[in-house]
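By letter and in written order, the chains are A, B, C and D; residue numbering begins at 1 in each of them.
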Amino acid sequence: MSHGNNNLKEELLRISGVNPKKCMRCGKCSATCPAYDEMEYHPHQFVVMVEEGNIEPLLNSDSLYKCLTCFACVERCPRGVEPAKLVEAVRLVATRRQGANHLKPDDVPGKLDEDLPQQAIVSAFRKYTK
Amino acid sequence: MQRIGVFVCWCGSNIAGTVDVQAVSEALKLEPGVVFSTNYQYMCSQAGQQIIKDAIKEHKLTGIVVCSCSPRMHEATFRKTAAAAGLNPYMVEIANIREQCSWVHKDVPTGTEKAIILGKAAVAKVNLNAPLTPGESPVTKRALVIGGGIAGIQTALDIADAGFPVDIVEKKPTIGGKMAQLDKTFPTLDCAACILTPKMVDVAQNEKIRIFSYSEVEEVKGFVGNFDVKIKKKARYVNEDVCTGCGACTEKCPQKKVPNEFNLGMDNRRAIYIPFAQAVPKVATIDPNYCTMLKTGKCGVCSKVCTAGAIDYKQQDQIIEEKYGAIVVATGFNPISMDKFEEYAYSQSKDVITSLEFERLTNAAGPTAGKLLRPSDLEHPHTIVFVQCVGSRCENCAEKGKEYCSKICCMYTAKHAMLVRDKYPDTEVYVFYIDVRTPGKNFDEFYRRAVEEYGVHYIKGMVGKVTPEGNKLKVQASDLIMNKQVHIDADLVVLAAAIEPDKSARPLATMLTASMDTNDFFTEAHPKLRPVESPTAGVFLSGACQGPKDIPETVSQAGAAASKVIGLLAKDKLTGNPCIASPNEQMCNGCSSCERVCPYGAITYVDKEFRMPDRTTLMRRVAQVNPAVCQGCGACTVACPSGAMDLRGFASAQIIAEVDAICK
Amino acid sequence: MKVSYFPGCTLKTKAKDLDLYARKSAEVLGITLEEIENWQCCGGVFTTAKDEVATKLSSVRVLKAAKDKDQALVTVCSACHNVVKQTNSAMQNDKEFADKVNRYMGEDGGYDGSTEVYHFLELIRDVVGFDKVKEKVVNPLNGEKIAAYYGCLLLRPGKVMQMDDPENPTIIEDLIRALGGEPVIYNQRNECCGGYVVMEDPALAESKSKKITSNARSFGAERMVTACPLCKYNLEKNGSDLPVVYFTELLAQALGVKEECK
Amino acid sequence: MQVNEKKPLIVAFCCNWCSYAGADLAGNNRLAYPADVKIIRVPCSCRVNPMFILRAFQRGADGVIICGCHPGDCHYTSGNYFTRRRMAMLFSMLDYLGIEKERTRVEWVSAAEGAKFAATMNDFAEKVAALGENKRLEDLRCKR
């Protein structure tokens, strides 16, 4: 059953290089995810929903910005599905839309403290901005 | 000139769906030598075979081509058909137009075109076939069983029961295998020892059975009916015939800190030991890695306490040579190492254990005398988490885990969970599963009882991380039904480790030239129709060495393997394979090239007298092939510089005719 | 031995210690770190998107600079190491990506992924050897209980990083042992501290960091070491009651060159 | 690139114990590969005389592939080792004669590797097709 947006799905699979069909629905990605409780959609749901083409809810979800990119799900997935890459692809598709930058330069000064390494700012821009 | 008949099979729609069988039989009718060509729905059926028999008689056929499924499937069938009609069975060739044509190609024109070409190649080959008569070889009426677990035990008992002598080679000091380590068995909850140990005693007492324990197969030569095997009996430094198994030595040995492998290292044994009370043979063994006497020459306590005088520090490995007619592989399995699954903290906490370790923890003869206590502090655990599929069903099999389902874990985990709840109702038991697989008699009922009657919490989802903290194991897992991440503070975590073939299986397979799959399970001669035979004649498979199996399946396969062995040993003579090498003595110049490449030593040289054109005679050295030893690989035919050596049934001229037919 | 060295931007500002201690210790261990000229920021994150090329170019230039000198490339910061190593692996294994990159590289010439990338820890383990480090120790750590914090970037994805067993690493523990300390093995040492979301979601970062420090403390750690400025900041900011230092500081301390760095 | 419409002609020699069974398994699993591949069954890959391969090229074959058991797994213990050495020699000679390296191949396919068999044949057929027709050794006298 594939009822969703197939163009978008193809794009996500191309960007991420992930094959969601390999997933056997064991949930280990979500079991291992340190940001699980913050997420509306969990890593295993990203895999299933992308496979079904049910992608809009993901694009509009805050879950995209809760993923820590820690790769625990990639490391521990028994089927080599690499959910984090899929999350990243969805996030990119979202931020690449015009005016959809998640982090605005004007927001940055308010978030700084004296000790914050600039690495945090650089990576936040890389992750949340296009 | 041959008179060839061509028989094209439809195989229902299997072939006829993609190949125009009528066109094939018509096209092949035009080939040289073909005098008759037809097609029929099922050539292998009685009616189909009758068509072949009738045609052989009616058209005085000297050779036939059957265009059908793989020769691996029905070559033997059609050879018998030919023989029944008075035609030499080796005048039959099969064109494989099913597995290698209709099943792999999609459209009819392509399939038909290829089927015709394959048929032409077969016709070209038959044109050059010659009748062959197989030689005969005697059968040594003794069987070898490699592995002394429940599979090997059952096979040996069944063979011995039919009156044939059997030897069991077991690398451990005792037979019994994994089953001896189990506590209860699913789904009946029989005590494993209560049903296994009587069988072990039967083996020990059976006059037809010899046990070579603490021994390994070193070398296998020969072929079906005539295997020559070298068995290495490792030095156990105890005279088996004298030792009474009293155990005095094992109590007095001062070296107490040897990890006890029978209890998976959860307690210690002495350097001289009897693995468990019901061991067969019940004799002591000295572990040379720990024995002070063997390492430093100082101690000798066991020798002093042994009233039978059985200790022999000078004992050497011994090689036993024996002939066998049949070999049964029953090398079994092991749980995989948990090294690559450190997210479960196996090496970081004593309270994370494998299921086999759990068996020992609940076994009355185990390290805790059957009381369920956690290994770290010997406290009673109140919360236990079972994790299924650890290392099973993994994608990248080489690095981490196995691709297959280990089959037995769902059921033994249900058993463990149920037994815990039964004995210790104050304990909460969680089982994390991906799927619960219960396809066996009374299996699903058993699993449901665990849930419904015993209140085991089954949660669909995997455990992602186990973190030891304080005296708790923090388990982080997902509950896919609730769409929640769950956190459980557990006292004990039990990992259902995947199982894999024993490591000794791979070198053994090489010795036996028996094939293995990519997971090192032995492959069977046919996955459905010959499940207990290996593709190598005379080698049979029993138990988990062929694939994951539970005890009832293992026992039934063991019996089946035994019946195949009995069928073989009941024969006085075996008909050999007539497709063997044969030299043209006129062309042979005795150069020994063929002898050097023959893996079987089947080629020898004789001096033979030849008549020359000028009526003189000349003595020449020429090759001779021993038909009972040659297996027909053909290595010699290519090595022969003068082209004197040829292979019957696969002659150079025949293969070239096939090449020509294909390349037209 | 001379190697190319990529410090990365944070090591020039907030994490000067990490850099200085590394350079001094390297000298003692017989390694010269030659800083790459005109290096640029690695980008902070390796995006796994196959169509992101431009963001990875600065790393490719660094790799190429090392290659031009025929030297191995060494990094100290976990984040830089992760980005550079993943980029290098993509250059080796993803031909389509490599072709695109090399078209961008223009007159700089192409790069084939052949530079060897070491984290400073790997250099110590594989080139120097922990035995040799042990010989050079003048101020042993006297059995101090030290918890190594790996975080995610050093180890994952394990297939690419290939530094150590991603679930049960030993490299920092082995270093601690060589320096005379007693490593504390705790299970959260390879879990994420939430560093990347420290601006986005400080609360999440805090809860992750607390989990790690509390786990380390429960195993009796007296100090924590890390290789990542972001992890250090995050653990400290979120109230770790254990001091957090860079592994290079530990190294410099044991090798007796810590004071020279001040 | 390929303009030649003629289908390539590929002869595959498969040992009876591993690769032929692997091909059967590919069939059982319905794993498609081009019909250009025609299999000749031999008891062991070591039965393949270099002469057979030359003959195939003479007769207009565009590619020849020899499949046997994996090294160490030969049903006859050591046959595939002979194959490996013999074919290395033959292929380098063929290369010298101008038969491109891609037209010849030795591949180990076990009885369990139906998927590998199909994948190998697809890959080999594709590479051979890309090279176009093989005229180098073709003996026109053999043409009908």
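The rule is simple: a residue touches a chain if its C-beta (ideal position, glycine included) is under 8 Å from a C-beta of that chain, and two chains touch if they have at least 3 such contacts.
Here the structure is a predicted model, which is why all the values come from computation and not from measurement.
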item	value
A-C or A-B - the one linked by more C-beta pairs in contact	A-C
Whole-Å gap between the CA centroids of chain A and chain B	46
Inter-centroid spacing, chain D versus chain C (mean Cα positions, whole Å)	49
Length of the line joining the C-alpha centres of chain A and chain C, rounded to whole Å	25
Sites on chain A at which at least two other chains make contact	72
Chain C, residues touching no fewer than two other chains	167, 191
Two or more partner chains touched - positions in chain D	none
In contact (per the touch rule at the top): chain pairs	A-B, A-C, B-C, B-D
Chain A-facing residues of chain B, complex	343, 389, 393-396, 400-401, 434, 460-465, 476-480, 483, 485
Residues on chain A engaged by chain C in the complex (per definition of touch)	14-17, 34-35, 38, 65-66, 68-72, 74-75, 82, 84-85, 88-89, 92, 103, 108, 111, 113, 115-128
Residues of chain B defined as touching chain C within the complex	339-343, 345, 347-348, 399, 465-470
Chain A-touching residues of chain C, taken from the complex the two chains share	8-10, 13-15, 41, 43-45, 47-52, 55, 77, 79, 151-152, 155-158, 166-167, 191-192, 194-201, 204, 208, 229-230, 233, 236-237
Residues of chain C defined as touching chain B within the complex	159, 165, 167-168, 185-188, 191, 214-215, 218
